[in-house]
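One structure is given below, encoded as C-alpha cells.
Letters A, B, C, D, E and F mark the chains in the order given here, with residues in each chain numbered from 1 onward.
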C-alpha cells in the first residue's frame, strides 16, 4: 500500500494512525538551484527521504509543503533570483502550526517534520514549539533534515574530488545534485553544470541583499563529481540514521 | 517542455515569465472524499486542470498548495473526519498572499489562482484583494475553479442517472469521482463506492459541528454513474471556458 | 420589555441570560444599494429580522455590527462605490470572535449570528469556529441569514413580474427593496428606482476589480415590482423558518 | 436632509464628501451603567453628540461602532459585569483602522473620531496613528470625546449637589445620567438610581480583576442631582467647543 | 546580594522565586526629554524605583524593557523628535505578554509591572489582561508607576516655585528632572535647562501630528526649581506607597 | 562623550546621526548560563562589543533589547531552566522591526544589529528583511555577532586546554566565560565553575523538550581554562574584524 497520505482514503489513513503509525510532514521550497537543477530540488529530496523512510518504518507521509522560508544569499542564493518564491517567517510558522494541530486532532502521536530547505529550520521549530505548548504530551514531534544525521565519514566519501564547502554552501552543489541524480534523474541537466568559483563566505548578513552577493548562476559551490552513486550513498547512510532516530524516540 | 514551474530551472522560468506567460497557482486540500476516493482529490483536480490549461495557453504552473481552508460539513464533510487537515482562514490568506507577492516580484503579470476546494474561495479572494491593494496594476489576477465555468448543458449531460444535488453537495459524488477517473484512475476504488442517501440541506451553520451532520462515510451525494468519459466531458468543456477566460482577460 | 440588549440595564440582561434566553447578534454592512436605497440596508434588515425573531422566541438582540466584509462586485457592487466601507477578513474574524467570547463569558449558551450581508459568511463562520474550538460545548452557535431559510415557493410568489436572478445578484433589487419598504419605508426612494439591465455573471473573480464590472448605479438586478407587501411576505415566511430553527436547535 | 451616512444613498454620501463635508465616526461601548441606565449609554451619547455636531457643521455621521475596548474596574466597572461586552485592544485597533482607511479611499479628508467610552482612547489613537502613517496628509483626523472639551466652569455648574469625583469615576453618575436624560430620557430609570458610596481610588491596576473592586451595582459615583437640564447644559457647552475645534482644524 | 535578576545565576533566581519573592518588571522608553535630560529618563527612573523597592521588599528586578509605546505630543513631545524610538501598540502588548508568561512558567506568583512612561499604560494593561485570562489565579499582577501613588501633599511640597502643570505635561519638567538629579545626577545637564513657556493643552488629538504641537526643545513645562532634594522627597514618599501596595496585595 | 544613545539628549543624538554616525542595536537574552555566570551574559557581551566598537568607529549604541528568542536545549539549555525568559518568534520580529523603523525615520542610514544570543539570528534577519522591503535603500543594515567574525586561528589560541566543541555548545563555556571575565569580572563566580561532561549532540530537534536533554547545571561544555586574558584576545580580534566590516560596508 502507498505511504502517501494524499493517496489514501480517510478510512485507510484513520486505520494507519490508530495502528500507531508515525506521520512525516515533508517541507521543501521553490528556490533557484542553478542552471542544471530544477526549482523543486528541496521538495523532491524532502519527499524522497520521507517516502523511503516511511517505507522502512511503516509511516504515513502527509502532503508536502511546497514553499519554504526566504532563501538567504549565502545558503540558497537569496530572493533576487526569479523562480525563488518564499514565504515570510510568520506565514511558515502558522502554516506548519495548523497542519500539525490538525494531525494531532486526527490522532497522530508521533510526527516527524522533515524539512530539506536550510532556511526553514528556525521557523519550523517555532511552529512545533507552539504546537507543543498547546498540546503537551499528546504528541511527540521531531524536526529533522538529511544533512545533520549524515555521518561524517560519508562526507569524506562524497567529497573526494571537490572540497566540502560546509553545509550552507552545499547549494546546487555535490550533495544536492547527487541526490537529485539518484532520486529524480530526469530533472537534472548534467550538461548545464557550471564550474562555479564558489562564493566568499561573509561573517555577517547584509540588507538590502546586494545583487552581487552570489555568482549569477546561483550555484554556491561546484557540482562537479556529482553522481547517482554518491546520491545513493547519502540516501542509504541517512536513512539508517533516520531509522535509528525513529527507534529511539518513538518506542 | 514541462509546464511545471517546479521542474524548470530558474533560468527557464525566468524566460517564460519574460515572454509574458501566464502563471497558474493550483490550490487543493487534504480532505476526506468518502471510501472510494483519496484525500487529495481537490489537489489532483486542481493540478489536472492547471496543467491541461497551461499546455493550451503556454502558461507556467506554480507548485501546488496542498492544504486548504476548513472543510465544512455540508460541502466537504467537515473537520471531524480523520484525514481532513485544514488551514485556518488567516493562514490561508497569508500563504496565498506571500506566494502571489513573490511571483509578482519575479515579474509575473498575469496570474490565475485555480482553487478546486469549495471552502477556499473567500480566503483566496481576500489574499488576492490584499495583494492587489499593494501592487495595483502591476499584475492582473483571476480566481477560478472548474465548476463555475462549466456550461449548464454539461450538467445535464453528466447527471443523466442521478439528480444534480447542487455544487456544495457534489462532494465525492458524480463530478469529482468522474474527474478522478479521467485524471488519476489508479486512485479511484470503484468497488468501494457506496450509495449514500444524501444529506439533508440545512439553511444555517451549526457550531460545534454536530457529529451526525453528514453520513458517516463522508459522501454527500451518490457517485453512482461516475465514469472516466463523464470526467473527460467535464474536462473538455471547462478547459474551453478557461481558455476563453484567458483570451478575454489577458490580451 | 425591549428585546434590545443595548437598552437593557446590566441586571435586566443578566436575568434574561440566566433565564436561558437566546442571544442574537445582527451583522449588517455599510454598502451601496443603488440610488433608491440607503447604505444601511443590510443593517436595517439584520436588525429587523433579529428584533422580530427575538419578540417571538424571547431572545435578546445584542448591539449590531454596523460594518461588514468587503463588498464584491457581483454580489454587492464592490469596493469602488463611495459609501461602501468594508472591513478586512481578519478584522471581521476578530471582531465577531471577541463579541461572542464575551457573550459566552456572560453566560450566553444559545447564540444566533444573523448576518444579512452576503460577503460576511465565510469570515463569520471562521470566527464562530475559533470560538467553538475554545469554548467547546459551553455554547451552541448558529449562523443564519434570511435568504437561505426562505422557502422556494416564496421566491415564486415574490418574483412574479421580474425573473429571480439568483441570490448574489439580488442586491438592491426586489427582495431587499421590498424588505426595506416593509421595515423602514421612510428610507426608500421609490422615485429613484432605475431599471437596470442587470449584470453579466462572470464565473471567476478579477483583481484589480474592473471599474466597469457593474452598472454605474450599483443596482445588480431590477427592483421593479418591489412592494411592502412582498417584503412582509418574505418576513413572515422567513420568521417561521427561523423559529423552527430555534425550536430544533435550542431545545 | 439626514446627517446619518447610514441613511444616505451612496450618491448622496458621495456628494457630501465631494463638497468637503467632515465625517464623524462615533464609537460607543456595550458596558454596564448601573441599575438605572442601559448598556448603550456610551453609544447613545456618542451618537447624540455626533449628530448634533454634524447638524451644526454640515458633517456626515458614519455608522457607529457599538462595542468598545475592555471596561476597566475604576472607570467602567470592569469585565465582570454581565452585559459588558468588550473588544480586545488589537481588534479595536484594526476595526478603527479599516473604517478610516475606507473613508479616506472614498474621499474623506476631514475626519473626527468621537469616542465616548473612556477606555477606548489609547487604541483609537493607535489606529489613527497607523492610518496617518499610511496616508500622510491625505486626511486630517481628530480624536475627541465630550469630557475633555467641556469647560471647567460647566463642571462647577453641574456639580452643585454632589462633588465632582474626577472623570474616570464619572461612570453612570451625574454627567452620564444627565446626558441620557437629555438625549434619551425613555432609557433612564430614575426610580432605580442608587446612592452609591463611591469607590476607593486605587493608584495601580490589579489582575486578575478583584470581584470586589467596585460596588456591586456598578455605579462608581452618585447620580443624585442628575437632570435633563444639566445634561442640556453639558451638551450646549461641549458643542460650542467641538464647533470651535472644527473651525480651527478644518479650515 | 543583588536584586537584579540579570546579575543572578539561574540557581539564585530560582531560589528567590521558590522563596516567594515578588518579581518587578521595569518598563521605560527611549524618548526625548529636552536639552538637559538624556533619552533614557523613563528607563532610569523605572529601574531606580524598581531596585529601591526590591531592596525593601526582597523582590527580584527583571531585565528592563528599554523601549516604550509611541510618545504623544502632549505628554512626551511626540514622534517627530529624533531620538524618540517607539514601539507600536501590538508590539508592546506581545512583548510584555511573552515576558510575563515566561516568568509565570518559571514560578513567579507575584509580579509588579513598573512602567514609568506615561503612554505605556493602556498597552501594558492589555498585555497583563491577556496573561491573566490565560493563567487565571496562578499569578497576581500589579501595574504601577510612580506618579499615581505619590501623595497629594508631596505635589505641594515639590511645586513651591513653579505651578504643577498636571501629570501629562510633567515631561522633562520638575519631577522628572528632580528624580534624575537624585538617581543619576551625572546624566543631568543643569546648565542646559531652558525656561519653556509651556504648551497649550489641547482637548483632542490631531493626526498627522502637527510639527508645532510642542515647543521645539521638547520640554513641556518648566524644570526650574528641580533639585536632588525634591527628587529624593518624591522617591521616599512613593516608595512608602509602593511598599504599602506590596503588603496589601501580596500577603 | 558617551557612545550610549540612552545617555544622550535628543539633540546630541540628532547631531551624531546627521553627522553620519553608524547606529548599533545590541540584542542579548535573559538565559541560564550555568552556576557560575549570570542570566545576562548575552546582554553584557552584546553591549560590551557594541560600546567598544562604537568607540572605535564613532558609532551610537541604541538601548539594548534585554530579551531574546527561545533558548534551545543544545545551544542554550532550553526553556526548562528557571530564569530563562524567552520571546516568541513573532514578538522578536516585531520588536526589532519597530526599533529599526524608528531609527530610520530619525535619519539613521547605517545600522548594525549586534545579537549575541545564538537563537536570535533567524528572527532578527526576518525583521531586518521586512524593514528593508519597506525602506529599500534608505538604510543599510548589517546583522552581526562576535563568533562568526572571529578568526579561526584565535579559536586555536583560546582552546589550548579543552577542545573546541563547536559554536552551538559554546554556552557558558570557555568563550563566554572568558568574555565575561574580561568585560564584567564582578559577575563571574569562578568558584562555582563545574566540569561538565558535555552534552551529546543530537542531529534533530525534539518536542516537547526532554527534561534530560542537557546537564542539569545548564553548562553545555567545560568552562575550564577560561580567563580574562583569553576573553581580551577574543575581544581584540573580533573588534578588528567588526571594524573592517564597517569600513567595507559603510564607506
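One rule holds for everything that comes next: contacts are C-beta pairs under 8 Å (C-beta built on N, C-alpha and C of every residue); 3 or more make two chains touch, one makes a residue touch a chain.
Please read all numbers here as calculations on a predicted model, not as lab measurements.
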| item | value |
| --- | --- |
| Those chains which touch chain E and also touch chain B | none |
| Labels of chains that are neighbours to chain A and to chain F | none |
| Equivalent interface positions on chain E and chain F, same or different at half | same |
| Of all other chains, the one whose Cα centre sits farthest from chain C | F |
| Repeat of interface A-F, chosen from B-C, C-D or E-F - more than half of residue-number contact pairs shared | B-C |
| Separation of mean Cα positions, chain E and chain D [Å, integer] | 29 |
| Centroid distance [mean C-alpha coordinates] between chain D and chain A, Å | 55 |
| Where chain A and chain C are represented by their mean Cα positions, the distance between them in whole Å | 48 |
| Shared-contact residues (touching 2 or more other chains) in chain B | 88, 90 |
| Graph class of chain-chain contacts, one of line, ring, star, complete, other | ring |
| Cyclic ordering of chains (reference chain E, direction chain F) | E, F, A, B, C, D |
| Contacting residues of chain E [partner chain F, same complex] | 5-11, 13-14, 17, 30, 32-40, 43, 62-67, 79, 81-88, 90-91, 94-95, 97-99, 102-103, 105-107, 187, 189, 192, 218 |
| Partner chain E, residues of chain D touching it in the complex | 70, 72, 88-90, 93, 119, 121-123, 125-126, 128-132, 136-137, 140-145, 148-149, 203-209, 241, 245, 249 |
